[in-house]
Amino acid sequence: MKSFRTLTNVLVSMVLLIVIWQAIVLIGGYNDSLLPAPLSVGKAVLKLLLDGTLWTHLQVSLLRFAAGYFSASITAIVLGLLLGRLPVLWGFVDPIVQVIRPVSPIAWSPFIVLWFGIGNAPAIVIIFLAAFFPVLLSTVTAVRKMDVTYLKVAQNLEIGRYHLFSKIILPAIFPFIANGLHIAVGTSWIFLVSGEMVGAQSGLGFMIVDARNQLRLDFVLAGIIFIGLCGLLLDRIIRLLERWMDKQWGIIRES
Amino acid sequence: GKTEGDSGHSSADSDLKTIKIGYLPITHAAPLYIEEELGKQHFKHFKLELVKFGSWPDLMDALNTGRIDGASVLVELAMKAKEQGIDLKAVALGHKDGNVIVASNDIHQVADLKGKKFAIPHKFSTHHVLFYEMLKKAGLQYSDVDVVELAPAEMPAALAEGRISGYVVAEPFGAKSVVIKKGKALFQSEEIWKDSVDCALVMRGEILNNHKEASREFITEYLKAGEKAELKDEEAKQILRKYMNIEKDVLDLSLQWISYGDLKLTEEAYEQLRQYMIEMGLSNNPPSFQDFVDNSFIDQVKG
Amino acid sequence: MGAGVLVEVSEVSKAYKAAGKNEQILSGISLQVKEGEIISILGQSGCGKSTLLNLIAGFDTPDRGTIYTAGIEVKEPAKRCVMLFQNYGLLPWRSVLKNVELGLLDLTEAERRSRALAYLKLVGLEDRADHFPHQLSGGMQQRAALARALAIRPQIILMDEPFAALDTFTRYYLQNELLNIHANEKTTILLVTHDIDEAVFLSDRILIMSAGPGQIRKEIPIHSSRPRDRGHSDFQHYRKLILDEFRLTGPQASEEYSI
Amino acid sequence: MKSFRTLTNVLVSMVLLIVIWQAIVLIGGYNDSLLPAPLSVGKAVLKLLLDGTLWTHLQVSLLRFAAGYFSASITAIVLGLLLGRLPVLWGFVDPIVQVIRPVSPIAWSPFIVLWFGIGNAPAIVIIFLAAFFPVLLSTVTAVRKMDVTYLKVAQNLEIGRYHLFSKIILPAIFPFIANGLHIAVGTSWIFLVSGEMVGAQSGLGFMIVDARNQLRLDFVLAGIIFIGLCGLLLDRIIRLLERWMDKQWGIIRES
Amino acid sequence: MGAGVLVEVSEVSKAYKAAGKNEQILSGISLQVKEGEIISILGQSGCGKSTLLNLIAGFDTPDRGTIYTAGIEVKEPAKRCVMLFQNYGLLPWRSVLKNVELGLLDLTEAERRSRALAYLKLVGLEDRADHFPHQLSGGMQQRAALARALAIRPQIILMDEPFAALDTFTRYYLQNELLNIHANEKTTILLVTHDIDEAVFLSDRILIMSAGPGQIRKEIPIHSSRPRDRGHSDFQHYRKLILDEFRLTGPQASEEYSI
C-alpha cells in the first residue's frame, strides 16, 4: 500500500519532469545537440540498455566504487578507532586532515596520476579520498563522544583490552559510523565521474565524458540518468542496512 | 539561454563588437597571443577578448552554445560539431607541424609500443590520427597498442612514472618530457603525415555573416600575428611566455618543431584529414571542404 | 576496620573544576556498610550522591580520604563491587542474555550460559533472554541490569537511583522484588535515592546527605522487620521523621528553596 | 592555554608533514616538475602572496562562493520549509531530488554552459548545486521530524499561520538546518575547483587548473594549500556560528 | 450539562492503530470537572492517561463520545483549556519572558510584557525572566510553563504528570506552590499522575483509571481540608485506601505484574 503510493509518486513526478523538459526544449527552440529532447534521450537510454554498453560500464564503475569505498571505509574505521582513543595523536593528525579535506580530489589529479597511473587506480583513489574523510571523522567523533556509561560498565566488569574494542567500543559507535558510511556513499559516488576522467577507458563516468567529447548530449543525459538512478539505489541499500542496524541497536528513527 | 549571438549589433556601432576567442594555453595558439598583445590598441572594428579554458570539452561546450565566437581548437572537434549541426567555419590554421610523438627512453621503434599504453589527448584530434598513421606505417594493428585518453597536463607525469610508454599531444607538453629527459621525440608529425592539419581558428557562422568587417580585421590581424610568431624572436617568445608561464628551454624546444608561416587550410590537406576520419571510424560523414572551410578571408589578405 | 565491614569510606573529599573555579562537592564523608546490609543515601538532587558512589566504585579518585571495599583499597573499578547505573547501563546491541554474560567472560561458554540463565530466572526474565534491551519496559531493563550485577557474584552492589525513572507502581513492585532477592542472595547493597518511601522501605540504615558541600548530616536506623508494609504505622513513623528532617511536613512556608 | 596547545599541535604536524614530503621527494628522486619539493612550493606560495595574485583570485573565489552558497541556502531553506509542511508535494519532488542529487555537477557542465555561459555564472551554479541539496534535505527532514510538542503548544495558544512559521517552526528547526548549512559549506567549497574550470579567468580553482596546464605543479600545490586553508577557515567560522547558536538554543555538544 | 461544570467528558472511546491492528485505548470514559476543582486521574503507565488528556485538549478527536470544555464542544485546541506538557513544552530558543508572552500575541507590547511579568512573579521567577529554559532547573522550567499557562487566564489547565521528572524534594515544594497559586487564581485543574501521594495531596477528587482498555474504575473524593499535611493521619488514610485499591500494601505476593 505504502510502496504502491511511492511508486505512483515516482511515476507522476517523472512524467511531470519529462513534460517540463519537453516544454523547455520546444519553447527554447534548442538544437538537439545542445539540449536533447526527452525522446532522443529515451532512445539513447534504450540503445545503451539493449546493446549491452551500459552493463559493461556499470559493472566496471560498481567494481571501482566498491574497491574505493570499502577500502576507504575499513581504513578509516580502523584509523578512526585508534585516533579516537589517542587524543594526543589526533591532536597532531587533525590539522592535517582538516586542511586536506576541503580540497577537491580533482585538484590532486596530477599527483594521483604520478603515483597511481591511469585507468582503474586513479578512479579508485579518487573514490577512496571522497569516502575516507567522512568515515574517518565520524568514527573519531563517535569514539570520543561515546556514552561513558558503556566504558564504565566495561571497567567495572574488568573486561580486557581486546574485548573492550570488539565487544564494547565498536558496537557502541557503529550506528554513528553507519551515518558516516551513508554520507560517504553519496560523496564518493558523486566523484565517480571525476575519477573516471583520468585515463579510464570505461565506466559510467567515462561514458559521460566520452559522449560529451563526441557532442552526443543525448548520451550524456542518458548517462546522467543512470548515474542518478544507481546513486539512488546505493543510497537506499545503505539506508535499509542502517534501518536494520538501528533496529538491532534499539535506535528508533521516524522515517 | 539563446543560441544566437547578439546579431543586432552593427560593426559600425560606436560600442565595438567584442569577439571572444577561446583557447587552451598551448604553443599552438601563439598567433592569438601575439595578435592580442600587439594589436589590442589599434583594432578598428572590434575588441578582442581571449578566453582561456582548462580542457577541450569545456572549450567546445562554450563554442557550441555560442558563449564564445570562435576558438583555436582541434579541427576534428570543430568538424564533429559541424556534423552535429553547429554552424562553424574554419578560417585559418593555428600552426603547421609542431606535434611530436614522445616515447619513453626504452622505446626505440614503433614496434616496441606493442602491448603498451599510449596516451592521446582526445579521440577527435590530429594526435589520434598521427598515432593511427604511425602504427599503420609500422605495420601494426590499432589494437596492438592500448590507447588511453588523458588530459595533456597529466601526460609528462604519466610518462615519467612509466604509466604510459608514449604520447602525442599539443605543445609544450611533448617538449616537457624531452627537456626533463624522461622521454624523447620518436617522430615529428611531418615524418608521419605531411601537412597535417591540427589546430584551426574556427569561427561561428553568424559572426562571419553578421560582423563581416570585424571578422575581416580580426583574421587579417591573426595572420599578421602568425608571421610575427614565425620569427620566433625574443619579443614573440616574451609574449608567449606571458600567456604560458613555462620554462624557457621547454618553450624554445617546442618552438623549434612548429611553424606559423602559412596558415591556410588547403583543400588537399583537408581532404586527407576527412579520409583519415572516415577510415578511423571517427565520423561517417565529416563536413565537406565547401561547407566547413572558409578561405575567403585568408585569400583576401594574401591577395 | 571492623570485621564484616565491606565498605569503609573515611574522610573523603572531592572537588570538581567548574567554570574555572574549584567547586567542593564532597567534604569529609565517612561511612561504613556491613556485610549483608542495605544502606540508603538520601539527598536532594545535586548534593553529590552520584559522585560519592562513583568514588566508591573506583570510577574516580577522591582528593582526600581513603575508600576500602571488601578490605581492599579502591584504585580502579573491580568486579567485587558492581555499580547499577541510573540509566541501567545495558548494552543495547546485546540480547539480555548476552548482557548478563558480559561479566562472565572468564568462564567457559557452557558455564557462562547456565549461570546467566540462572540469574535471569532469579529476576524473572528467563523468557526474555533473547530480547534486546529496547524491547523491554523500563522495569524489565532494571531487572536485567540487576541480573548482570548479581551473576558476577559481587560482594557489594552499588545502585544509583535504581527506580527513579519508573512509574510509582512499577517502582513499588521492583522494590519488593529487590528485597526478595536480597533475602536469598544476601548481597550487600548501597543505594542512592531521593525517594523517602524507597529509602524507608528498603534500608537497614538511612544516611541523610546535605548539599554544598555534600556531607552526611544524619543517620537513621530503621528498626522495622522486613517485609515492611507501606501502609503500616511504623512505616509512617519513619516517613514523618524524614519529612520533618527535610522540613517538608505541615502547611509549608514558601521559604526560598534551591531548585 | 587550550588554543596555545592547538597552535603547537598545528605547527608540529605541519613540520612533520613537510619532513615526510621532503623525504618522499628525496627517496623517490622525483623531478621537481613532477613532484615539487617543499621549498619550491614555499617559494610559489610566497610569490603568490607577495605579487598579489593570490588576493585577486581568493577574492573572486570567495565572492563566487558566497553568491552560490547563500543563494542556495536561502532557496533551499524556503523550499524546504514549504515542502516539509506539504508532505504530498514532497512525495512528488522527493524522487526527482533523489535522482539528481547523486550526479556530479561536472556531469552537468555541458548544460550549465548552455544556460549560464562561461565565467562567473557556471562557477556560481556549480557551487549552488553542491550546496542546495544538503540544505534542502536537512530542512525538509528537520521540519518533518520537528518535536510535535512545539506544534501542539502553538495550536493550544492559538498562534496564527504567520507566527507559526516565524516564531515556532523556523527557530525550532534552525539547529538542524545549521547542520545542513555546515555540511554544505564543505561540499560546495570542494566543488569550487570544478566550478572554476569552465571558462573562468580567475579564482583559486582557475589558478590550480591553469598552473596544471602550464605544468607548474609547484603552483598547483600552492593553490591546493590555499584552498585547504580557506576551506578549513570557512568550516571553523560556520562551526563557531553553530556553537553560538547551539548555546542560544540550549543544545550542549561536547567539543 | 450542570451549571459550573467546566469539563464534561461523556462516553468517550478511542482506539489507535498499532502494528496493523486496532488497539482500544479508552473505552466509554465519562467524567466531569466543576469550576475551581482540582481533579487527579491516577493510573499505571500506558493506561491511556495522556491519550485522554490529549482528547480533552483537542489535540486528537475521540472515536465515540463527546467532550465539552467551558460549555463548548472541543473540536480543536483552544486557549480556554491549556495543556502543561510532561516535558514542559517550553521553547528553548526564547527567554522565559518571551515564552510567557507567547500566548499573549494579541495584546499590545506593553500589556503583554506587564502581564507576563506579573505571572512570572506569581510563580517566583521574576528574576529569571531573561534566562533561557536550559539555564533553569527542571523545577523552574515547570514553573515557567505554569506561568505561561496562567498568563492566558484559561478556564481550565490540564497537566500531564507535571512533576514526574523532578526529584522528590522539588516535587513536594512545587506541589505546595501549585496549591498556593490555585488558592489565588481559582483555575480549574485536571491533572494526570501515577504518584499516589501527589494525587492525595492535591486533589478534590481522585479518579482511578485502569488499563486494557482504559476505564475509570473508581472515584475517591478527598474530604480533607487544605493545606494538607503529608505526615498527618488523614493523609495516611487516603494513601492506604489507594494502595489497597492497587493491592500494593502488605507483604506482597509476587504475582505477575505487567511492567
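For clarity, chains are labelled A, B, C, D and E in written order, and residue numbers in each chain start from 1.
Everything below uses one rule, namely that a residue touches a chain if its C-beta (ideal position, glycine included) is under 8 Å from a C-beta of that chain, and two chains touch if they have at least 3 such contacts.
Chain identities (UniProt): A, D = ABC transporter permease; C, E = Nitrate ABC transporter ATP-binding protein.
Predicted model only: the values in this text are computed from it and were never measured.
Two chains share more touching C-beta pairs than any other pair, namely A-D. In this assembly, B is the chain whose CA centroid lies farthest from the centroid of chain C. Averaged C-alpha coordinates give centres for chain C and chain E that are 31 Å from one another. Work out the mean CA point of chain D (ABC transporter permease) and of chain E, and you get 48 Å between them. Chain D (ABC transporter permease) has its Cα centroid 50 Å from the Cα centroid of chain C. Contact of a single residue of chain B with at least two other chains is seen at positions 1, 57, 61, 65, 153, 157, 160-161. In chain A (ABC transporter permease), the residues touching two or more other chains are 30, 34, 109-110, 114, 197, 212.
Counting only pairs that meet the touch rule, the chains in contact are A-B, A-C, A-D, B-D, C-E, D-E.
For chain E in complex with chain C, the touching residues are 44-45, 124, 137-140, 164, 166-170, 172-174, 176-177, 180, 194-196, 227, 229-231, 233, 236, 239-240, 243-244, 246, 248-252, 254, 257, 259.
Residues of chain D (ABC transporter permease) that touch chain E in their complex: 149-150, 152-153, 155-160, 163, 167-168, 171-172, 174, 248-252. Here chain A (ABC transporter permease) touches chain B in the complex through residues 28, 30-34, 109-110, 113-115, 117-119, 197-199, 201, 209-210, 212-215, going by the rule given at the top. Across the complex, chain A (ABC transporter permease) meets chain D (ABC transporter permease) through its residues 5-6, 9-10, 12-14, 16-17, 30, 34-35, 91-96, 98-104, 106-111, 114, 144-145, 183, 186-187, 189-194, 197, 205, 208, 212, 217, 220, 223-225, 227-232, 234-235, 254.
Touching chain D (ABC transporter permease) in their complex are the following residues of chain E: 57-59, 76-79, 82-83, 85, 87, 89, 91-94, 102-103, 105, 132-135, 152.
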